[in-house]
Each structure stands twice: as C-alpha cells, then as structure tokens.
Amino acid sequence: MTDLRVAVVGVGIMGAYHATALAFRTAGARVTVVADPSAERAAAVAATVGARVATDAREAIAADDVDAVVLASPGPAHEEQVLACLARGVPVLCEKPLTTESASAYRLVRAPRSELVQVGFMRRFDTEYRALRELAVSGEIGAPLLLHCVHRNPAQRPAFDSTMMLRDSLVHEADVTRFLLGEEIVAVTVVRPRASSAAPAGVSDPMLVLFETASGRLVDVELFMRTGVAYEVRTELVAERGSAVIGLDQGLLTRRAGGAWGGALSADFLERFGPAYDAELQAWVAGAGGPGVWDGYAAVAVCEAAVESERTGERTLVRLEPR
Amino acid sequence: MTDLRVAVVGVGIMGAYHATALAFRTAGARVTVVADPSAERAAAVAATVGARVATDAREAIAADDVDAVVLASPGPAHEEQVLACLARGVPVLCEKPLTTESASAYRLVRAPRSELVQVGFMRRFDTEYRALRELAVSGEIGAPLLLHCVHRNPAQRPAFDSTMMLRDSLVHEADVTRFLLGEEIVAVTVVRPRASSAAPAGVSDPMLVLFETASGRLVDVELFMRTGVAYEVRTELVAERGSAVIGLDQGLLTRRAGGAWGGALSADFLERFGPAYDAELQAWVAGAGGPGVWDGYAAVAVCEAAVESERTGERTLVRLEPR
Amino acid sequence: MTDLRVAVVGVGIMGAYHATALAFRTAGARVTVVADPSAERAAAVAATVGARVATDAREAIAADDVDAVVLASPGPAHEEQVLACLARGVPVLCEKPLTTESASAYRLVRAPRSELVQVGFMRRFDTEYRALRELAVSGEIGAPLLLHCVHRNPAQRPAFDSTMMLRDSLVHEADVTRFLLGEEIVAVTVVRPRASSAAPAGVSDPMLVLFETASGRLVDVELFMRTGVAYEVRTELVAERGSAVIGLDQGLLTRRAGGAWGGALSADFLERFGPAYDAELQAWVAGAGGPGVWDGYAAVAVCEAAVESERTGERTLVRLEPR
Amino acid sequence: MTDLRVAVVGVGIMGAYHATALAFRTAGARVTVVADPSAERAAAVAATVGARVATDAREAIAADDVDAVVLASPGPAHEEQVLACLARGVPVLCEKPLTTESASAYRLVRAPRSELVQVGFMRRFDTEYRALRELAVSGEIGAPLLLHCVHRNPAQRPAFDSTMMLRDSLVHEADVTRFLLGEEIVAVTVVRPRASSAAPAGVSDPMLVLFETASGRLVDVELFMRTGVAYEVRTELVAERGSAVIGLDQGLLTRRAGGAWGGALSADFLERFGPAYDAELQAWVAGAGGPGVWDGYAAVAVCEAAVESERTGERTLVRLEPR
C-alpha cells in the first residue's frame, strides 16, 4: 500500500482544511503539491503538511508526483481544472458547486472519463443524513412525501447576495433532496418575504424556496444567512406513515405509527465510542499524549477497593502508593 | 514522514478494531505485525490490514519492523508484555485495565521508561467528555461537587460476575472521575440492591457504587450490565452554580443560573460537518465512490432555475439535458 | 358569587367536553340546559352534568335559567344561533369556525352587541402559544419574519376532503398567525404535492399552504390529516435574531444569539407543580381520594431516620409502628 | 349540587395559593372562612376570595359554615388542628409534613375517623408522576429496581438547615418512593459530601440520601437547596427491562428493549389541548376576554381564500371588509 499523492488546488478555508485532513487524519494519502494564487498562503499550507508549492493549478495537476487532485478553488475556475484532471486521467474531488452555471456543468458531464470526478457534497457522508436516507429507502415509514429544510448561517459578508444564496447555499439542499428522494427536481419557486433588517439593501434574506420533484413531491427550504445565531442545518422528512428529523442536536428523531417519538440508543460500545477510539489511536500515533501508567494504576487501585467493599459491605479506603 | 510501524497484540473485538482503524482510518501509521493465541484469528486480521503474523506476543514486540505496540490482550498478560515494550523502549498503547490488581500496576508505575505507556481510557478522547471536562475546569458553573454516573450494558455473558463488573466496567468510571475532577479517589462503598431477575445467581447486578475524592466530593455510579436495552453511558456533573450532563444523545446539556437549560449549536459548517468532510476524503482516497459529475450538474441546474425564479417571482422549470 | 348558568348547544365530542368541564372543573359556572338534535345524546350529557334537556337550540338560548351559551353545534348553524344570543344579550362562546363562509361571518361582525361573542380559538389559552406570543411581542429575539407550522392528524374520515382541511383545520393556523404576528393575512397560496396513498381519491392530503401578511411576513403550513402517527401541532417562529419552537414536547425551545439553544426550567415549585396542586384540590373537593394519614406518617418516619443518619453518619433503620 | 364550604387555615404562600385555587379554579367549592395568626394576611386573602376571617384556627374549624378544612399552617400546629377536624368529623386536606415527628404522626394514624385526612403529597396528582407510576405498575418495562431522584432548589433561607432539608424536602421523595414502588422504606443512609460554598456554615448542602425498601430496592436522592439555578425535580425509574425518567421538560421519556428512547405524542386534540380548552372556558366564565367576532371573521376569510387557491392553483388575495 503506497500512499496516494494528492495535489490540493486552492487553499482558502476549505482547501486548507482538506490538506490538513489528508496529512494528519487520513490513511493512505499524503499531500505532495499545493497551489494557490496567493503564494504566501500556498507556502504556509505546504509547510504545514510537508508538501511543495506549485506555481499554478495547471502545473499542480500535471505534476509527476500527483496521483489525484482536490479542487477547492473558486467555482469559475472549476471547468478548466476538472478538464485538465480528466485529460491526465487523475481522480478529482471537486468542491461544490461543480461549476457556476449549468451549461459548463453539462460540458463536464459529457467530457471523456467524467467518472473520475467526485463532487464535494459532503452531507452524503454525514452520519445523520445517511441514517435519514437509509430510513427513507427502507420503506419503514412509508413513501416520502415532503421535506422541510432549514439552512441558516449566523452571518454573511455583504457581497453574499440573493444569487449567491441560491448558487452556493441552496446547492446543498438541491443535492440533499436528490440524495434523500432519489429523483430529479423539475420546478423551483422562490418566495421572498420581508427581508431581515440584517440583510444588505436589495438582498432577499431570508427566502423560502419550493422544489417539486419528478413524482410530485414537495420540498420547502428556508434560506437565512444572517440569523445572528449559529450554523443550523435541519431536514425533516415526512412520509406516508411517519416522519423523521435530523439537525436538532439529537441524532435522528422519528415519529411513528402509534404516536411514539424518539431516537435510537447506541447498540454497543463501538457504536458509542468508535470515534473516541479512533481519535485516541490517531493521537497516540502522533505522539500527542494521553493517560499514562499512573492513571492506569490509580484506576486499578479504586476497582480493587470496590471489590473489597462488595465483599464486606463496608466503605473501603483506596490504597495508593506514592507517585 | 515515514509511517509508524505498529504491532497489534491480541485481536479479539477490540484489537481487530484497533488494527483496522490503524490501517484504514489513521494517518502516519500502518500495522506490520499481528499476534494472537488464535493463529486463525491472527491470520484473518493480518490479511485484512496487510500485515504478517507473529508466532507470539514476545516475537511481535521484539520485531525489527515494529516501532510501537498496541496491546489488546487479556489483562493478566499485560504486565509482562508492557515490560517487554519498555525494555525495548517502544511506545505502547495498553487497553484497560492496565493490569488486574494494583500491585502489578504499581510495578509498571515504577518500571524504567514507564512514560512510554498510554492506557486505553478512550473516553478522554470523546468529544462529550472533553467538553464536560473543559466546562468543569473553566469554573463557569462553579466548583464541581457531585457526579452521577450511569453505566449500562444491554447484556453480558453469565461469567461476567460482580468482580468483573467492578474490575472491567467500573474502571472507566474511576478514570472519568479522576479526569473530570482532577484528584484521587480515597474511598469506595459498594451498595447491592435486589438483583435483576436477568442476573445470574450470586451476581449483584445492578450495583450502586459511591466514590469519595480527596477533597470530599461524592460520585455515585449505577452499574447495570443486563438491562435488555442498549449501551448507555451517562455522566452528570453537579457544580456549585449549575450542572451539565452528557450521554443523553443531545451533546452537552447545561443547566445554569437563571434557570436556562440547553446546549450549544454549531458555530460554523466545519464544526457541524467536519467529520463528514473527513469521511468524504477518506472514502475518496479509498476509491469508495461518491456523488459524481451528474449530481454536480443536476444541482447546478436547480440553482439556476432558482435564480431565475427569484428574478421573475414565478415558478420556474428546471432544464436538465439528457443523461 | 352566584354561578353563571350555561346552556350547551350541541354535545358531540366538543360540546360534551365543554359541558363536563363546566360542571366538574370550572369555578363559578354550572350547566343548566343541554340541547342537541340527538335527544338521546342530549339526555346522556344532561344527566351527567345535572342539567335539563331543551327541545332545541332556540329554546335553550331563550331559557330563563340561562345566562350564557356555549355553541358547539355544526358551523352552518352558528349564524342563526349566535344572532339569537346577541338578540337576548347573553354572552356566547362559539366553537370555531365562526361560520362557514366570510359573508355570514361578516354579518356577525356587523350585528349589534357582537362584543358578546368569543370564538373558540383555544390555542390562545395554551401555555406554549402564550409563551411564544410573549416572546414574539417582547422583541427579545427581534422582529418576527417567518412561521413554520405543522398540523397533523393521525386519521380522518373519508368525507374530510381538501375543502374541509382548509375550512376546519387551517382555520386554527390562520388564527395562530394573526395571534402571534398581530396583523392580517393578505394572500394565500395552496400547493398540492403528490397525495399520500392514505388520502381518499381526489383529496389533496398533505398540502402546503403559504400565508403572506400585511407587512410581508411569510407563513408556511403543512396540513396532513392521515399520518397514521398522532396529533401533532407545531409552530416555529423565526425572528431577526433568533427562533423559537413549540410543540416538540419540550415546552418553548429557543435558539439565540451566540448559538445557545434550550428552554427555561421552572422558577419555583408553584410553576412546576401548580397544576398538580389544583388537581389535588379538585380531587379532594370531589371526594376522589388521595394519600391518607398512613402515607403522611410513613413519610415522617423516613425523614426521622434520615435526620438520625445525618447525625451519626450511619445507615439507620426506619421504625414503623403496626398499621 | 351545593358548593363545599371550605376553611383555609394558614395563608402563607401555600395557603393563599389553595384559597385562590378553590375560589377561582375549582368546581363545587368555595372558601367561607380564612384563619391566620397574621390578621392582616388573613384579611387580604379573605377579601380576595370573598370569605370572612376567623379569630383563630380553632374557631375556623368549628364554624357552622365550614364543611371541610385545608390546613396550610406550620407543621408543629398540625396535630392539634387535625384532631379538631376529626373530632368534628370534617374532611381535612393537611399540607405536608403531616406532623414534624413520627410519634405525633402515629397518634393521628390511631385517631378515630383518621380516614378523613388527606395529606398534601401533590406529586401524586402530577401528570408525569402518574404516568411514571402507571408504567411501573404495568410491568411493561419489568419490575422496578432503582430510583434516581434529584431535588434542587435555586436558593433557600439560611435557617433552612440539614434537618429541615431532611424533614421538609426529603419528605416528598419518601412519598414518591412509596407511591412509585408501592412498599415501605426500611433503612436510610445520609451521605454528606463537601458542602457548596453557598451553604451556610454547618449545613450539609448538597446531600445524597439512600433509601432501601422492604424488598431490597435502592433509591438515591440528591438534595441540593442552593444551586443558583432553578427548581428541579427529577425521578428516574430503572426497571428490569427498561428505564424511564420524568422532570427533564420532555414529559415521560422511556428507554426500552431494542434500544429505542423517546416519548409519546398526543393521541388527539383533547389530550394536547385539554388544559387550553379548560382555561378558555374558565376565562370566559370569569369574563376575562378572548378572541372576538372579528378574529372569527378574519380567519374564515383566510380559509375562503385558501379554498379558492386550492381550486385555481394560484396565489389568492384575502378579501376583508372594513372593520
């Protein structure tokens, strides 16, 4: 197993996050090349992840020591960069949106070897969205009829206008709809209520967007970019015999026949603590420290006192030797 | 950066989990050697993770191609194996309990180079426990006074008796107490109520255990191994000006001055979707598949119709070219 | 204080509920007359509440021993019956809808002494809706922008068609909107997604309804009459600096600046147990039984042992004399 | 049906609450006499509820216009006052504790006609405690094994010492234990951890109290009177095949076989809105105001527009005549 050598193109917030994830939290990959219009930014990220800096995206994509590319550049640059990846035949993980208009996106669909493209719809890898889709597909609560979606940001820069809300934020809900319902969206209606006083002049924030799917299902999406609160993403699926919601900080909650509502407890310790075990291992591999031998000893001494107390029925002192 | 070469000693449920985590979800490490009394089990895990099989633990620990050791063997084997690691000077991640009685555990404390030992108290790497500790240490809700702990398993094998409940399960709560309160436990009282009809004859299941700490704080622990329900681990911290609980499937919930209860929403998309981004990358590196170029195109086409609808105020059809 | 003498006109489910509430759970009132097209039903309810039966609604409204009228008859009968009440000058509590079309309802608005009419929008007396309105009016989370409403029934009779969904169920959401936002609704859009297979042919169940208010606020309402689940009524208020939701079985939950979510704990024992105290008193007055002197004694004996244990630090036996 | 004429003896917070509940929220009763050592306080309450003032408790209990007595006087006065009620043969609702020591409480148990005494353990009338008991008795989650109780107050006066915590607060948990488990408590152990800095010198606040029942069940109670937070009362029942908790602001939550956790949705509108209907009626009877004919009309006009929109598929304006 030799590591996949990855070029990261564009290291703003998202690209830098991907680069460090590849370097420090991902098995089987390392970052070899970093490219960014800002040479300074590229150098900083490259130094952190132990990669070299390419002069531009083109060079990074074409480099000999690159087996795969992560594209986190701005949307307008995607078409050319994806095509360069396809021409070389290297897999590319392209951040959303694929491109900024459907004509160019469709050219990528038609391009040779387009199966090498993966689009950065990361919600498909979120445990809650996966659980919701599994429930939808299972038929346990009947055929899906409606989705209620909420997409809220605490704040946005003034330049983030109505069009960007629809192109950059709504795009996630479009994919969630297609992912959960398994069919295409055929019509869209945007409704603009009175804007929040936090919205810049001329920006319709919040908006309500309705999707209609091929089979007549309906999706409503609240888009609200300046709530002053937090990042809130919520999806409720209403099906013929029940409903389920994610994004309320309580995992997947269902409402089912008979009037029961609730969630599922962890089946076992690996389900509950799997991520903690993985984090423990990763920290240990990285030499980041953790509970030591004294911690192990002290805990054993407590258990030994407990065994004694269970036997005698008495309060028992814990005997600890000097540290 | 060359990968840390790890030997995994003992590949029951826990060791096998660690081995696959090292191989497929951890940056900077690979499994080179696997050892287990069952040659068959060792071979199966070794094949999965691309490692070789050692004839026994001793050989695995001593191997040239081993830089570090994960010990997931039974507790009684730990002392000798840890000492072998220390003698060679390799870091060892030793599953809990460190050893099965305090005398041997203390010998490890006294052993040269014992700082190379990390004990597998994985809850210290759990996001909820970390958040609870951060809250405890911050002083935000005052000095901690009490902990209420619940440790429930849906089922246990008949041989898992009262002593094992105290040695294998309670050990986690002992460490959680020390981790959250930052001091030693000085006395233990075990109270045995009427046993559940699901408990084997002679086994006190459930039990209530009281810990007293050096500064007089009190911890109560419900240990219940045969609930028929699920794996439930819960810790409530009661402090001088508020309380907080984890393990209710709702993250960290606090109760504070003024009577407010609740939790914290995600500050941003990386906090909410960080694990999904990482899972996306890991799946992409592993070639496991994900949303493709058509998914990217379809989503862009929907957003384009949304932009049009926002402009016209009308319901707008989505135009999708043939797939 | 002499009791208000009330006639209950129409004793289907709702009228019978009102009659027993007046007789057994309301201070200052009694039911003197019951009227219903079904003589049998009228007689049964009258016997239960200690009232007499009137031959028809007209007689009930005109009776000498009637100071006020509860109208729980079908909507089409309301106009004439309300007018009869107003002509006599007696207060009338009229179940919703006031009438079945706006022309007749407006005639009641124009009728002399129409201030004697109270309409049965009981949600205005629900503690959760009152708390939500208080929050909306307080300005604590800024000006309201959106409402998301859900109105679900587990089942409905086949004759309950799209029109009845809009006339009988939606009417509550229309009033909730007016109550919470304090302004009129100026436009309505009904969207009909694919119907549930549980819906009779030709019935659009579920539906999504959009309200626009005079100041441009937007309300979406999911109406779903045949969920197979339960009775679910939920309202989320989205304001300029936070949101709040009721109907999730957790009281009023808010999401506020800084990213905190949660609710309010009871300030004191009267807030928490006020309804229990009232139920206790009502049961005692009705001679329905409750904890007796032995219960009082046994609890005191336990506390006495606790005082002793607190003094000695020892486990203390409870001494109970023979019963 | 003539009203029960009630004397309220002792009109501190609790007695005044009972007096107004009897006068304004209870069917079939009225307050005729009020007695209190403070003539001023007695006069104020009497004026509010339309009663007369008695010179002392003895006179109130003996009065001709008194059919029943509510005792909300201090505990030390209870024995004599209850005996006076029993001597006259009038029912008495006696606030907890029945008396302040078990000897006097037992004298009341032995007194003639002691079945006329009801003790003010109002939690037995709380919907959550009733639901929890019903679940315990039903056997649905198996035989009860443990109770975890929490009893917290935000603040207490300095004079409220350890003994009062055990006599006045713990008494509720003693009764809850007996009510939920249906058996006597045979032993008590009080454990005193480090006190909160909010506790007066010498007061053990918080405390942990253990109850053992006749059949060997175990109950732990956290008593904490000075949390600075709110009034929090919580009870978790752990049974052989599941657990259930009340007091988390989410009704009755259960954890059952298979790992499901959750609650029950309202079965119908009367279950959900019953208290709102009752409050509506009580407000109407009291002439307190509510939604009027214009509210009824406006809602009907909205529904009419909705019916039109459902028919045409178009956004429809609401037509409202002038007010």
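For reference, chains read A, B, C and D in written order, and residue numbers begin at 1 within each chain.
Here is the rule we use: a residue touches a chain if its C-beta (ideal position, glycine included) is under 8 Å from a C-beta of that chain, and two chains touch if they have at least 3 such contacts.
Just so it is clear, the model here is predicted, and its values are computed rather than measured.
Counting hops only between chains that touch, subunit B reaches subunit D in a minimum of 1. With centres computed as the average of Cα coordinates, no chain lies farther from subunit A than D.
Subunit A and subunit C have CA centres that are 42 Å apart.
Averaging C-alpha coordinates per chain places the centre of subunit A 22 Å away from that of subunit B.
Chain geometry summary: the mean Cα position of subunit A and that of subunit D are 47 Å apart. Among all residues of subunit D, those that touch two or more other chains are 154, 210, 229-230, 232, 249, 255, 259, 261, 263-267.
Residues 142-143, 145-146, 148, 154, 191, 193-194, 196-198, 206, 208, 210, 212, 215-218, 220, 222, 224, 227-230, 232, 238, 240-243, 249, 255-259, 261 of subunit B are the ones touching subunit D in the complex.
Looking at the complex, you find that subunit D touches subunit A at residues 253, 255, 259-267.
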